[in-house]
Amino acid sequence: MQSTSYSLENIRKDFPVLARKVRDEKDLVYLDNAATTQKPIHVIDAISDYYKNHNSNIHRAVHALAEESTEAFEAVRDKIAKFLNIKDRQEIIFVRGTTEAINLVSYSWGRENVKKGDIVVTTEYEHHSNIVPWQLLAQEVGAEIKYIDIDENGELILEQLDDHLATGKVKLVAVSHVSNVLGTITDVNRIITKCKDAGAKILIDGAQAVPHMKVDIDSLDCDFYAFSGHKMLGPTGVGILWAKKEHLEKMQPFHGGGDMIREVHKYETTWNDLPYKFEAGTPNIADVIGFAAAIDYLSNIGMDNVRAHEIELTAYALEKMKNVKGLTIYGPKDPQKASGVISFNFNDVHPHDVATIIDKNGVAIRSGHHCAQVLMEKLNVAATNRASFYIYTTKEEVDVLINSLEDVARVFKL
Amino acid sequence: MSADPIYTEMIIEYSRNPSNFGKIDEPHIHRHDSNPLCGDSIDLYINIDENKVSNVKFDGKGCAICMACTSVLTEMIQGKTLDEVKNFQKDELLGELGLEHLIKTSPVRIKCALLSLKALKHGIYTFFVEKMNDTESAGNLKEEASSLY
Amino acid sequence: MQSTSYSLENIRKDFPVLARKVRDEKDLVYLDNAATTQKPIHVIDAISDYYKNHNSNIHRAVHALAEESTEAFEAVRDKIAKFLNIKDRQEIIFVRGTTEAINLVSYSWGRENVKKGDIVVTTEYEHHSNIVPWQLLAQEVGAEIKYIDIDENGELILEQLDDHLATGKVKLVAVSHVSNVLGTITDVNRIITKCKDAGAKILIDGAQAVPHMKVDIDSLDCDFYAFSGHKMLGPTGVGILWAKKEHLEKMQPFHGGGDMIREVHKYETTWNDLPYKFEAGTPNIADVIGFAAAIDYLSNIGMDNVRAHEIELTAYALEKMKNVKGLTIYGPKDPQKASGVISFNFNDVHPHDVATIIDKNGVAIRSGHHCAQVLMEKLNVAATNRASFYIYTTKEEVDVLINSLEDVARVFKL
Amino acid sequence: MSADPIYTEMIIEYSRNPSNFGKIDEPHIHRHDSNPLCGDSIDLYINIDENKVSNVKFDGKGCAICMACTSVLTEMIQGKTLDEVKNFQKDELLGELGLEHLIKTSPVRIKCALLSLKALKHGIYTFFVEKMNDTESAGNLKEEASSLY
């Protein structure tokens, strides 16, 4: 089945794990892509090749392997700059993932710029990674957290942001570009304009955006942007913090150690240039290099095609789900307004039980709070089921998911 | 479809109609616990009279496994002495519902099954230490609770 | 050539990169193992296998791949516990490397326990990773850093520790188990005894110890121990912090985010059990699993054999180097007192120039300050050359290194 | 062994006997810079008279490449106008010593070669801004310096 302008069949062949049989020889139907995506052979081979042929520590030594490794590593920074339209490669910092990126900002920028009585605004649909670091900060310095609530369509009520900003105390607005539970695409442009007018800084958690749509950081013009490689075909252990140079220059370092220093003396130390000032210690070299293969892979497909495929699949799934009795769907019902994520509950059956039962058919969805307990509280549920799609997901797989709900109905005698 | 090794009639029944569901006002033991991985969340309430469990209730939200196991747990400890409760083992609980296999087959779902036992052990520990001032009887119940997952 | 009780020849076959030719078809002579070691095919294959057959996010989902991944990931904790004789697996925290491990302690334990006027003791031969985090802490809270100097043999003058401890103000002694420049093995047992008597806590930077000798954490009985996987055959991006549970329980979390929480509410949050409280966000799952293969590989050889091989090689190299005119060697001359690291300078030739010239013969050594500028200042040099050995290093390779110095002499007309 | 593409006679000679090695007391421009990766570390001192470089010295510790390049740099800017110095390009410097190939062949060693040029650009920038209050002439020298590696 070819559902978009690229060949789904060819793509699926690039992902070895999609050939896996699980639970008594069932075909794997992997619909947990918002948690982490699968990896094409290109990424897997890039990592192996690095270890088999080039492996060395980077930046300091002059020998052949060190030069090859350093060059390959630094080239990834340029590739990311191009992929996201970042004008200055020195603004790109390698971290472990979105979580570390946000914590870096919360420690190095937050501790300096957020004071007693100040406000950090976040939203009801944030991932814990974009709530807890601000709670820790607020607790430490005596600041306050304020939320932007969501409406019944799972969209942010932006008037509340106006109210918060009107206090004049907002130092930072931290918001996800795409909700990992509802799929809602945040109107970041409007938020950024509002924040600029009010003099508040803005951090965008792009963990669910960069993998699924074209993101142009230069034209966004926010202050901080964070995302994870493992949610976009890349290896685990690689994430990116992008931040405006004017902030990075003023910020204190986060971790102290090798590579981030210029000169260390017994009692004082000076910092290295950007981006190294924020990259202490041996980085995750092999996986950063593997991540480059993921960016190449997505670039070849084209992010517009990635998005088009997800819209098509989501529309298809939503249409089919309409006919299933007892299904509650959370978030936008318009596929244009959301990425390829559908959260739902099925009658009174707990999502954990749904997931366990359909797992027998090889269907891998996520059930639980999705690291978004504030949102669960808002939706007044303990948990939801979440099916999330990616470039290799087919309509047939969506069918298997929906048919599997019949087994749930049978087991629970619905 | 062959008989499901987890979702037996009994478990489905308990999940729909949990035993001892409710709350005790000012209980001798109250322990809230939750599963950070999935969000199951329960409150366990126990009254102790003459060293025995005289009343036990729970409320909260959880999956069928969690609800069934908590129900059975409350049934099994009703009327038991503190010492018996203290030594109550997970195998007894799992055995009652035919879920012993979860230990091996599902590292994730076993946590749903044992959440109430964890709350129980912690609750008894706190009772010994705080209400009875008896750290000796409390023993290593706290470590035992922690090691349940 | 079989230099120890294991077969060097067989071992070398397990490392694909050792077959590499560099710079005009020269055999690679990799003597930069203190920076990072090469990886056996077992480790490379373990990572590939994970991505090809199991890849999933961990801990939360109930589907087949998530269960397999979670089990494999958590099994590594048990393996590490066994390898280092750690009694409680909850005390093992996965981080990116030694640098992150030390920074975690400096933020989560340090900010709470080190106050104005307190002292943190470190040493003249520390890596920047075990100096800069304490400088940052000291600056923030108004504490002081004190050093244990080294003597002319490159060993710590432990009487100075007594003097520091006698002030009654020392909260922490942070010391490396093995110097990454001199190879000196620190008498950690003596230091730990002294610290216990004085009520100071002790952090050991084991980055250069765990890869090279048997380490028994239970019998050491220090407070914190840190090391990196990539220096012991493992992938980049994996490190371990071990800490006593009593500390971990009392410490505030470091990074906030997914997995480290128990319940998140809008304005307050409770923490997950250990070790998860300190593992926020998606960990570097694949590489943690790859690291297990490294531990298996080292366990099969036996750490005593690893050590014996390094002693033999170091003795051999030191003996040969005696006869080279113009060579200055830093650190212990007794191979029993050092790990397989030799730092040297050659006449007046800058180490960078030495390294560049011998690189033409395929010899990869490190030249520079080795992230130990305080030590460079002490030795009164800008930099040194450092050759560091590992399980696959042969005497023939040591010969190539020494013969290459003749080229340096020729170029510099010595 | 074929002629070494880096370690020419000239470079070895300069490394042993650097030009303009020394210090100027109270110079108009003083810039310290170091290479965080290898520890090369130099101080560049410049005096300006009638808008020209009237005196230039350097001291510090570095490898042969760094010492040779810094020597040649000091020779080349001696007597030049501020404008000429401002526009001085890395190719001129590297060309003088036959090291242009380093840009392609050695991302690490190129930093040794350009450390002095970086210090120079930074120094001139600071001179314009702080001593002459002339941010216009300073232009983007600072960015240029940073981008040298």
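A, B, C and D are the chain letters, set down in written order, and residue numbers restart from 1 in every chain.
FYI, a residue touches a chain if its C-beta (ideal position, glycine included) is under 8 Å from a C-beta of that chain, and two chains touch if they have at least 3 such contacts.
Note that the coordinates shown come from a computational prediction; the quantities given were computed from them, not determined experimentally.
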{"item": "Identity of the chain that, by mean CA position, is farthest from chain D", "value": "B"}
{"item": "Pair joined by the larger number of C-beta contacts - A-D, C-D", "value": "C-D"}
{"item": "Chain centre separation in whole Å, for chain C relative to chain B (CA means)", "value": "44"}
{"item": "Euclidean distance of C-alpha centroids - chain C vs chain D, Å", "value": "36"}
{"item": "Centroid distance [mean C-alpha coordinates] between chain C and chain A, Å", "value": "31"}
{"item": "Multi-partner residues of chain C (each touching 2 or more other chains)", "value": "60-62, 66, 259, 261, 263, 352, 356, 367-368, 373"}
{"item": "Junction residues of chain B - those touching two or more other chains", "value": "37-38, 41, 106, 109"}
{"item": "Chain C-touching residues of chain D, taken from the complex the two chains share", "value": "1, 4, 6-7, 12, 15-16, 37-41, 61-66, 106, 109, 112"}
{"item": "Residues of chain A touching chain B in the complex", "value": "348-353, 356-357, 367-369, 373, 376, 382-383, 407, 410-413"}
{"item": "Touching residues (chain side chain D, partner chain A) in the complex", "value": "34, 36-38, 41, 106-109, 146, 149"}
{"item": "Chain A residues touching chain D - in the complex, by the definition given at the top", "value": "59-62, 66-67, 70-71, 74, 90, 259, 261-263, 272-273, 276"}
{"item": "Residue ranges of chain C in contact with chain A within the complex", "value": "16-17, 20, 22-23, 28, 30, 32, 35-36, 38-39, 41, 43-44, 47-48, 51-57, 60-66, 96-100, 102-103, 106-107, 127-129, 131-136, 145, 147, 228, 230, 235-238, 252-261, 263-269, 280-287, 352, 355-356, 359, 362-368, 371, 373-374, 377"}
